[in-house]
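In the two assemblies presented below, subunit A is common to both, partnered first by subunit B and then by subunit C.
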Partner chain A sequence: MSYTAATVQLLDIEGKLVTSDATAEYLPYIEKLSDDQLREFHRQMVVIRRFDIDAANLQRQGQLAMWIPSLGQEAAQVGSGLAARPQDHIFPSYREHVIARIRGVDPMRIIEMLRGLSHGGWDPKEHNNFHLYTLVLGSQTLHAAGYAMGIQLDGATATGNPETDEAVIVYFGDGSSSQGDVNEALVFAASYQAPLVFFLQNNHWAISVPVTRQSRTPLYLRPGGFGIPGIQIDGNDVLASYAVTTANLDRARSGGGPQFIEALTYRMGAHTTSDDPTKYRDNEELDFWTKADAITRYEKFLRSRGAGDDFFAEIEAEAADLTADIRRRTIALGVPEPSQMFEYVYSEPHALMDAQREWLANYEASFEGGEA
Partner chain B sequence: MASSDFTLPDVGEGLTEAEIVSWKVKPGDSVEMNQVLVEIETAKSLVELPSPFVGTVSALLVEEGQTVEVGTPIITVSSDAELPTPAAEEATEIADTAATVAAAEEKPHATLVGYGVAGHGTSRRRGAAVPQVAATDAPAPRARPASVPAAAASVIIAKPPIRKLAKDLGVDLAEVSATGLAGEITRDDVVRQASQASVFRNIQTPEWGDQREERIPVKGVRKAIATAMVTSAFTAPHVSVFVDIDATRTMEFVKRLKNSTDFAGVRVSPLLIMAKAVIWAVRRNPTVNSTWTDKEIIVRHYVNLGIAAATPRGLIVPNVKDAQELSLLDLAKSLEQLTLTARDGKTQPAEMSGGTITITNIGSYGMDTGTPIINPGEAAIVALGSIRQKPWVVDGQVLPRFVTTVGASFDHRIVDGDVASRFVADLASVLEEPALLLD
Partner chain C sequence: MSVENLSMAKALNQGLRQALLADPKVLLMGEDIGPLGGVFRVTEGLHAEFGDNRVLDTPLAESGIVGTAIGLAMRGYRPVCEIQFDGFIFPAFDQITTQLAKLTSRHHGSLTMPVVIRVPYGGHIGAVEHHQESPEAYFAHTPGLRVVSPSNPHDAYWMIQEAIQSNDPVIFFEPKSRYWPKGDVDTSASGFPLHSTRVVRPGTEVTLVGYGPMVSMLLQAAEIAESEGTSVEVIDLRSISPIDYDPIVASVQKTGRLVVAQEAPGFVSVGSEIAATVTERAFYSLEAPVLRVAGFDTPFPPAKLETAYLPDADRILEAVDRAMAY
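Entry: the complex of A and B
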């Protein structure tokens, strides 16, 4: 349930940079960053956490049918999300709210989907190549592998120009890694040496099934069997996530073939609001990961580099503003007319739909007067 | 001064009701946005509901312990500030960059934003507060049952086989006086306790209740049982028949199964033979395995075999799906699993729906027979009475034999006396001679 000797960590739990042979390859990526860029990591993590928590509250208040929390996984997502270049394509799972935001997807699109108002679609072309949330476990890895193979056929990668060469990154979890789809994607990506980075967020729980029951081996060792290099990082270390993902994407875009990153993190909350994790896991594990929290340690790091109270207050205010805005817009969404559900089944008038519409209207009408 | 009701939301996916377990606020309290108002229990779990309003609690509309439907107003909160309502607010599409969001977000939401400033950032990271989905600092919901073993249990010394024996005999080790050298409980201690317990079973009678009368709210499983029983008893005219039989060969068969290596580790009891008998007898008398719909009788050519199970929450009837497809061993495993799941209170709704015929094992309570009420939607229910040695006439001689009573109730709209009798006679013949199952 904790880190291993192989885990790449650039920022330890106390918020201090780790200088060692193992980190020497990656620290230069951090040294290149400006203070503003370093602070951007923090801003993204704090704002999304507040949004995520308030969205869960909105569900408990009857405003959403369901919420899928990202609580605890902010560093893995923010670091890797900011490592992707504009020309890269991102295939998310369904928990990468902050990467959606980084790539310009309004969080309301996710809210609308989980309120049951939309099917979750957005045009990746208009949202900086951020593809659709995929609720079917693991199938996005195949979409990503196919897309990466297409990039090769287009000649849009491995030309030697890192400013235009494209790569693909796909997000999935420890539970999905047991799916056939993911294994097929690994085979295809390896066979075609596609420019694809597999980014596995190991949050330790596939709903109620612990990762230890799904894999007898650390997950970063699995891609080795497919001929793909794997690396394990501290997923609660935003700097490790950024640096290692940057290095892996660069390798993929320059013709180095597929790469695989396992980010060790923890799902601090429930799988979704329909789940109750207190039924199947204990506080010990939670305590460990609470101490390893991404935001706490990164705040220490920034303070040691001179960030002051005003900076943190500013971020808090921004987070509060965003959640208040989302709350207001969510409540304003209202409830669609039930008749809408019949309108998009057939393009032309249809007798069966008319009959069903009428039945529902009569049924609804039968309640009138019965209730105060 | 605006007043708003908070209606019970569906916190799962498709839940219809929840019980109000405990209020965390009272009238007159001021509440912050997302402050925990109440703890509710759904069919799935305990859940804390955060306040969607800022203001003062005017009234709690539902008492603790009551179960209410989703959509019922449960609390009224009045606020000094005008709350944002969909109509009043202009739903401006705000581009999702933080800068514009910050600029656009100002006056009417001062109260909404307020809670966040009040120390959200750091407190959230405290250990126990994190696991709940809700954003609050409330403590973790309930001590886990696993942590229950209390002080009393820690001083009991007994080897695992002795603990198992005690469990099998229904002996509470805490009540056994130990005679072992090191203060451990011995096999004899457990056996002695068990024999006393059976002789003086009723010796410990609880005191009369303090109050003269007690009112137990009708809800949950009890309410569901009541509805099902009334529906069945007052729509299906019941007819019951009984027969006494010699089940000695069944008992011998059960004993042989218990000793066979194929059935090692699997619970085998006369109920298993009865289950197999019911499936066999249904094939010979299909109409007992059917549903009455006023327009037609739906005869099921498969058996979803229901087993009435007493659980801490009340009676439930989970069923073994397509039991006719199962071998004796698989049927035994299914019955055991179904009983364990029911006893743990983990039976899922799907496991209780779609039953076609039911067995109630009242023999496990020492009863000889009864006139059970049919599970709604079915046409018959079989009662298996206790099996014990009684005098029985064999070839003109009175011999001790294992005797039991097989009884069953039928929906007389579907099943007449002749079919009912043939069905019960078939069951009886299998219990008298299990080899008939080789048919």
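Entry: the complex of A and C
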């Protein structure tokens, strides 16, 4: 699968804006942006790619148990992530590192999860409504639907003020689209007309299984059967991702009900560092998507609008600084106290936790005494 | 006699291959089990050998996998489902507990449900959330399901074939931490009953019972105890439901002390069940209360804390000492 006649693309592979009937609705969102805003897309994509590649290296060097690369999916994520307004809630899957960063989550929180130090641990309320990663595929789509229902019950949406009206965006993959939870989320969101945007990153693979095993129809058509409008975009086009997500979130926040975006992109690397994609896929596909790379085309676009070498060098320097800083902080990470296991299991005291915490403390103390 | 030195992953692979060869109705189904051979490579090479109609790389939906396996079983197939990791069995929990487990009973026996669900489980692999859990008690608690777990490559080779031959649903828990160590597999032996506990190490003073990943830990503890002067008998449960109690009761009648160990949380667990039953059946032989060593009753912690969470030889020995002190 590659792009189709229905794929909305604002920036072609050569980095040129596409003006057509299909793009007319979306180009105004781009025309409104300042040069600084346009450059911000690039900065986010380049910095996260460098971080991502270095995190995979950290895994190879034994610093992380695993890494989940986002390589190749930067445009889908940066565009949609920057489209969300401050009051919006974001329910990620587990690959949206750059959106976490955009919403103020220190990348170290993700490093810590993949080093085996935490299962999440950030408070969405203090991180611009960026919720925790969810590893059980598709579960988060129902949480997002429920959250959006709550927004609606609170009357915090569709008041006519886009500056305060809230909406929700949820991320999931092509493989996850087969889960019952995802289909139930579509039903609930449609039934209650909840202000929710489903953002499906179709990176064409679910570990070793191609998207063709999940769906015989392009995935953007599936929500139609649930009564939810669907649209397919070029997920490697950061401008399309930004403009279409902005339009969809605004429709959702102004009483238009749930929306669905399928972003066509590609998992350029392994599923995780535990995976070996040479066992199941060929290079032809990879070649196509290498040519369709998001960053290469966007650099051309920015250069055509006057960005010079110093701008790109500045971003490179920022990326290098971030990765050096992450590397330094990763290596310095300690190990949590075992007693931490018993914290937060319940929000109120619990007899079994107290008993086991005490047992473990005594047990550990028995070794310090030189016994056992 | 034909003995091969195999890892458990390879032994399971060979057992599955034998089952596929023996019965054209046997099917494998699961996520990534085709060309990739499963994330643990247990089905490696089987798709190439048996093709799309015997080894099904399914859409990504566990309820779908088990639900359609039920339908295939109704049609006369013997599906063997792979759940990719312990923590991902729950989308299928409804199909397993409300349907798979009950259909034979609801049909008054006229329908059998020869479905095997393979589940890699347990810790000690340093993985992220939902990839190291031990959910066996949920299934052992469900009437209508058989639940087993091999501890070594030889048992794995035979038990997977017996599970596939069973006309009842079998939840087959594969200890991930034991996938890679090699052991001798006698492929010419005639196997053993699926639900039979085995005394793996004879001893006289304390009985240790465990299953799956815990057995090697128990043997390690037994050796240390021996070197410190305590004679320990180790029993591999192999089957969690039903439990073959006779060898356990016989052992306790001899030793008078029982320690049960598991990775799963201890509250309402397999260990609790064994403690209760042995207390009922061998009360007058007991010199000490039956003691449980288990994972704590918390969510499985981040990987860097797993060694503090999971019972190890020291935690087992601490219980052995307590039992001996009565």
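By our rule, the second predicted complex is superposed on the first by the 333 of 372 C-alpha atoms of A that agree within 3 Å, B and C clash if a C-alpha of one lies under 4 Å from a C-alpha of the other, contacts with A are read in each partner's own complex, and residues count from 1 in each chain.
Quick note on the criterion: contacts are C-beta pairs under 8 Å (C-beta built on N, C-alpha and C of every residue); 3 or more make two chains touch, one makes a residue touch a chain.
Remember, predicted model here, so these are calculated numbers, not experimental data.
Asker: So, does A:Leu137 touch the first partner subunit B, the second partner subunit C, both, or neither?
Answerer: second
Asker: When both complexes are superposed, which of subunit B and subunit C contacts more residues belonging to subunit A?
Answerer: Looking at subunit A, the partner in contact with more of its residues is B.
Asker: Once the structures are superposed on A, label A:Gly224 by its partner contacts, choosing first (subunit B), second (subunit C), both or neither.
Answerer: Neither partner.
Asker: Does subunit B (first) or subunit C (second) touch A:Val105, or do both, or does neither?
Answerer: Touch status of A:Val105: first partner only.
Asker: Check the residue A:Ala65 against both partner chains and state whether it touches subunit B (first), subunit C (second), both, or neither.
Answerer: both
Asker: With both complexes superposed on chain A, which partner does A:Gln179 reach: first (subunit B), second (subunit C), both or neither?
Answerer: Once the two structures are laid over each other on A, A:Gln179 reaches subunit C alone.
Asker: Touching A:Lys279 in the superposition: subunit B (first), subunit C (second), both, neither?
Answerer: Once the two structures are laid over each other on A, A:Lys279 reaches both partners.
Asker: Is A:Pro162 in contact with subunit B, with subunit C, with both, or with neither (first, second, both, neither)?
Answerer: Neither partner.
Asker: Mind working out whether A:Arg213 is in touch with subunit B, subunit C, both or neither, as first, second, both or neither?
Answerer: second
Asker: For subunit A, which residues lie in the overlap of the subunit B contacts and the subunit C contacts?
Answerer: Of subunit A, residues 65-66, 274, 279 contact subunit B in one complex and subunit C in the other.
Asker: Can you check the complex and tell me which residues of subunit C touch subunit A?
Answerer: Touching subunit A from subunit C are residues 31-32, 34-37, 39, 57-61, 63-64, 87-88, 90-91, 126-130, 267, 296-299, 301-306, 308-309, 314-315, 317-318, 321.
Asker: Per the contact definition, I'd like the list of subunit B residues that touch subunit A in the complex.
Answerer: 6-13, 34, 44-52, 84-86, 89, 91, 94-96, 98, 101-102, 104-105, 109, 112-113, 116-117, 120-121, 124-128, 130-135, 140-142, 144
Asker: Which residues, counting only subunit A, touch subunit C once they are in their complex?
Answerer: 65-66, 113-119, 135-137, 175-176, 178-181, 206-209, 213-214, 274-275, 279-280, 335-336, 338, 340-342, 345, 352-353, 356, 360, 363, 366, 372
Asker: What does subunit A use to touch subunit B in their complex?
Answerer: 43, 46-47, 50, 53-54, 56-57, 59-63, 65-67, 69, 71-72, 101, 104-108, 268-270, 273-274, 276-279, 282-283, 286-287, 290, 293, 295-296, 312, 316-325, 327-329, 331-334
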